């Protein structure tokens, strides 16, 4: 269990596991990436930059250093049987939930959200999911596989009792959009309507899944499948702040592929998204 | 004649030449690039990425796969005498027009639009041109040459009977802007006023020339002469959709220089512009 | 004294020193960079690109070539004792001011603004500073140093009689923002309220310090500490034009670190900012 | 079956399938890459460059254009169950062998050599393998998997009746070297002793497996696990020429990961290795 | 005439034109580049780095600073008619020769050597050429052109009375090698036999043309057509020193394409080759 | 004191401080870099890669995992007064020596060797230094500074009682070579004569200072001042093995500047040099 690791030490993220209320951990898995792989380097890259960012957020007027957060490192992963690997991710997540922690998972590709949310669904009946992404991820299967970064939200939907909210979606097959029309609450292209989440959620549990490619590739080129026409960083932060005060019980930030952006900006942006998400959950 | 080639096969772009209504072809010419060359790699780079994008457009709710499009590959080019090379480009284009095709040309530098439009002017009397670009391209000559990427729209203007609309222009010599004031319908900096095209064009034939550097270099760094202060991808798509339903008989997308953007985002953006332009003409 | 150099020759920037009213010079210093160094390459990189940009600005309808500007090259710098190095920068600046020139300094890291502004304060009693930046730069000390890129505006403030205006700030420690609340006129995140400068400044002297990272890293990745959530190029130009007609006596453009942006866009953007700033002062 | 594809056309490689004696095809698989993935882009990258190289080899005084070679494109691949994917690779290879072709396979990671050689072993009893690599690839398992790029030559060895020759090996666990001492004919660090292959092979069938990282990373940085201390291109060519005239019935060139070398040199080198290997088999 | 320019000032290269015995100038022309263009940036890139290298050569125990060298900058170039452009290059070179200077020209593509050598042939009857290159450059025509980087040495040969020595050649069509066998003195692959030049030249005039791609692409990736299997820097220097004391009357260093090597090593290598060549001529 | 840190954990480098015989630590200082800075990222970059390399060396038939080594992390550094910073480096080193450890320091620029060797000289009277480098580093002062990466070996020499051996030197001012002739035992260009160290050293204490730019920039482009004409990795390893069995009491590996090599090869090479050096000292 990675909960038995020694936590990583960053300025601002330094609780012991026992003391922490929020646990950050990485799942550096990119086994089903159909196009450009490399999200396996996401968590490592975020950790390396994290020391260089301000722990104080002028957006939320809060400081990471004042909250009990620990970073438990990365799950060790074996390539090979996908289903078994996903099962392990679920088990690790469930352990954290059993100990009363909120988790913020760093991907890896989006498929990792499936087992993590699976564990949350068992722990939080009635869970809703807020999904920010460029891609619908609602295919029933992709390249012959049921378990894929391109099917992940379809699989999540099949298990979900609460709502599935989707924002920023600007790429998918026609039948994914048709599925969304019939089944999920999707906003295409941007985050408009995100206040409806706030207005209807009450204190029911919410899981927040951020595929970082919801951002425009101008600000985040370092991702496997960049999609022009995305939202700005300001729009993302402003959308997240709309959710402030809701009962967000867990989150993930996935699909950072740092090697495709040699300026380092993509990782730096992901670090700031992580800071704001942590403060949102704190 | 490249019309005698076997067409390239892409998901969504796969008609035989005979069946196709729209023909894509490349003119990988960058012989007059005065600053950073490399647009010769544009068509090849677009083709390589095209397989990776969705054929369905959520912007137009249309799918490339439902329209009769073929990709006839690139014109073979000889360096050397510019005038002779341009003549060949005109001849190739005219062949397609004679067969009743619409063409969408992939550059190469902007000068290639001159012979292509020339062929269109002969086939479509009264043709108007809609020109999206960061640069006015209205010099009378440039570095002593009459035929240059920097003079191309001046040369086109000299042959044009219809209107020349220009949008997004944010760079040029003072006398280019003065020429535009007197002769063309130019909107500086953005696409505002593009609805005037729609409102006045009726069903007269329109050629659409997109210098991809009309986009801001944040989203398209891979171009020879990046100009800050450009339009966003959303603004471009929205501008193009304003033209929906007009009698657009041909188009080009020029000045992608992929080697200057190692993240691959520029090419990916160009592919999506191509998808939307093809659906606009379909 | 670098004023004794032969000026560099660029298209549009070509006065002799004696004839010039505005003097451009570089201070390629990055000795206190705590994160990614490399701003030492900023001035050289700007000079190399400057020949490639239009001297005519469609934003201001003015042409560099019509104004008396010289580029006197870079200050030679010794590493080692920071205080002595800063003293030299002040002395060089004071020489130019004594000769009645306005200076536009190319950094280098932001700390170089301290000695330059110091010389201006002595020459222009009552000077105000307009500071555009992603970072507050108001720490009292940083990593144990009083003289640092992170403390520069605190040090400037201590000497300033006029106002300190700050715009675009989106990163800093909580106490920097508290200091700003109490002492400076800071707008967080963007340039809103910049018209208040115009409305209150009258003809009192103003120094304009532009940390180029005030721009969003999507358009300017080539800087040491990129901060997402910045302003666009259009917002920057529009903000600068708000100041048109004020008594701006000097300016600097700092923190370009060109090696971190291999597309060359960052340098190209900095050149255009330089053009607009020069025309603003002309 | 990819043998039913239309062949790709390159200058020098242009036979129809029926006419060809040698078949090139790609297996863009990198599913077990434990470190930097990206060899999936190898075949595509080689094809894109192939048009740019001379078809005449001054090393062998032979011209690709004079030999009957076809390029049948890439195997479509599904991620997921490794064993099933490998089985498909074996089946595709066996089809070619049944038709009397020699194959030259472009990887992808080294694991793809296992099913390919497996097919060869069934078709050519007594087959020997000549393995050029930086890594021994002789682990019994790696990260818990029996089927991995790090175990591939161990698995091959288990099926092989003929000799396993290994050259250039400079990285591995101690027990891999011990295994080699006991079981294979390994030359560490370089190709010395490769004339022993020529001297003992007679006309028995030989399969040549070239992990391109046998080359020094100075000349081939674009690979997943670069190992300093490799051989030069001249040494590789000279080693290959030593094998001239032997009964080489198939070959592969694996582990090119082009995105890690933005100069394009790695791909260009791989193309020249491909040319020489094709001429060796011709 | 560029001889009327003010010379550039570098540490070690700083004579006035009148005082200089050796003149460096650039011809940033890449108009016939058939593959990757960009050698137009060669001279600029070399000048920018030149200040950073030692002026003392431990290979020749000589110092640039002790010899009368000036750098007259770059020829202004017009794109368009190739023959006219070449004529201008010849005229500029002839001017320098008339003034009794030796020239060292920085390319640009290899075609520029043709007009330069042409001027030399008229000034120095019986001139021999020593040509170091990866490519034979002996085609009679290339892509339909007689004047091309791929035909340059064939054109030179047609005008030459003295010997044409070629070294390091490892790429070309079969008939280029055949032409060399019949007409030039070519060493394939390396510089072996270069002492024959020294032994036979006496004091007859020699022109040295160095296509920098004679070096292995491991040390010089920044060139348009990299060819594996090249010589090392040590081999190049050692070959050049073999020519020490001969009557070398002029030289060029061509085909550096700096944008393809972001480490900067290629330019740094070219600077050192330039230093050694200058000292060889001094 | 960094000796009070918790050690970093790597496969193969995992002793507690108390148990360790060899201590690795980083000094990420590049404050006097006169050209391209960035060696401050060296230690971090090496640590990130170290997990990916084999702990077994086929060169020495030894395994890191069998020796007692700890990695104590990086010294925290303040910019500003150079002398004070160097004093701290000496103090940290002396602490390790007092505890009976051997240290292997990761730079940072070469100047850091001065205080480290200073501590060694006090602990090991009669210490000799073996210095591998492209640059002589023997200037008396550089850009007006006595303490600089370009003067470091001159300063070391002034304190040294034992021999100073220098190998691989291929760049320097003439008077540095003259100084070496008179005072040190320098081999220019390569490592020839390194067996003389072995033959004369007996069991006197030796400190090994490896400026990684002694390697040819083809294999190590990621350094501040690349110098063509360097040694190969094989020559370096072979030279180091010549010293096997001598009483090497400490070592450093400096001048890796990883951002200048985006392929990652430079860091990977440095890791392997580190492995071999650790095993040499073990």
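The first chain written gets the first letter, and so on, giving A, B, C, D, E and F; residue counts start at 1 in each chain.
In this section, contacts are C-beta pairs under 8 Å (C-beta built on N, C-alpha and C of every residue); 3 or more make two chains touch, one makes a residue touch a chain.
Treat the numbers as computed from the prediction; the structure is a model and nothing was measured.
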* Identify the chains in contact with subunit B as well as subunit E, in label order. => C, D
* Examine where the copies subunit B and subunit C touch and state whether the two sides share over half of their residue numbers (same) or under half (different). => different
* **Inter-chain centre distance, subunit B versus subunit F - centres from mean C-alpha coordinates, in Å** => 56
* To do: Using mean C-alpha positions as chain centres, tell me how far subunit C is from subunit E in Å, no decimals.
  => 42
* Asked: How big is the gap, in whole Å, between where the Cα atoms of subunit A centre and where those of subunit D centre?
  -> 39
* Asked: Can you list the subunit D residues in contact with two or more other chains?
  -> 36, 216, 218-219, 260, 262
* Set of all touching chain pairs, with the criterion as stated earlier -> A-B, A-C, A-D, A-F, B-C, B-D, B-E, C-E, C-F, D-E, D-F, E-F
* **Interface residues, subunit C side, partner subunit E - complex** => 6, 44, 48, 262
* Using the touch definition up top, name the residues of subunit A that touch subunit C in the complex. => 52, 54, 56, 58, 61, 63, 216, 218-219, 232-234, 237, 262-265, 268-269, 272
* Structure fact -> Per the touch rule, the subunit A residues reaching subunit B in their complex are 35-36, 169-174, 177, 188-189, 216-219, 221-222, 225-229, 260-262
* For subunit F, which residues are in contact with subunit C within the complex? -> 30-34, 36-38, 40, 78-82, 143-145, 147-148, 259-260
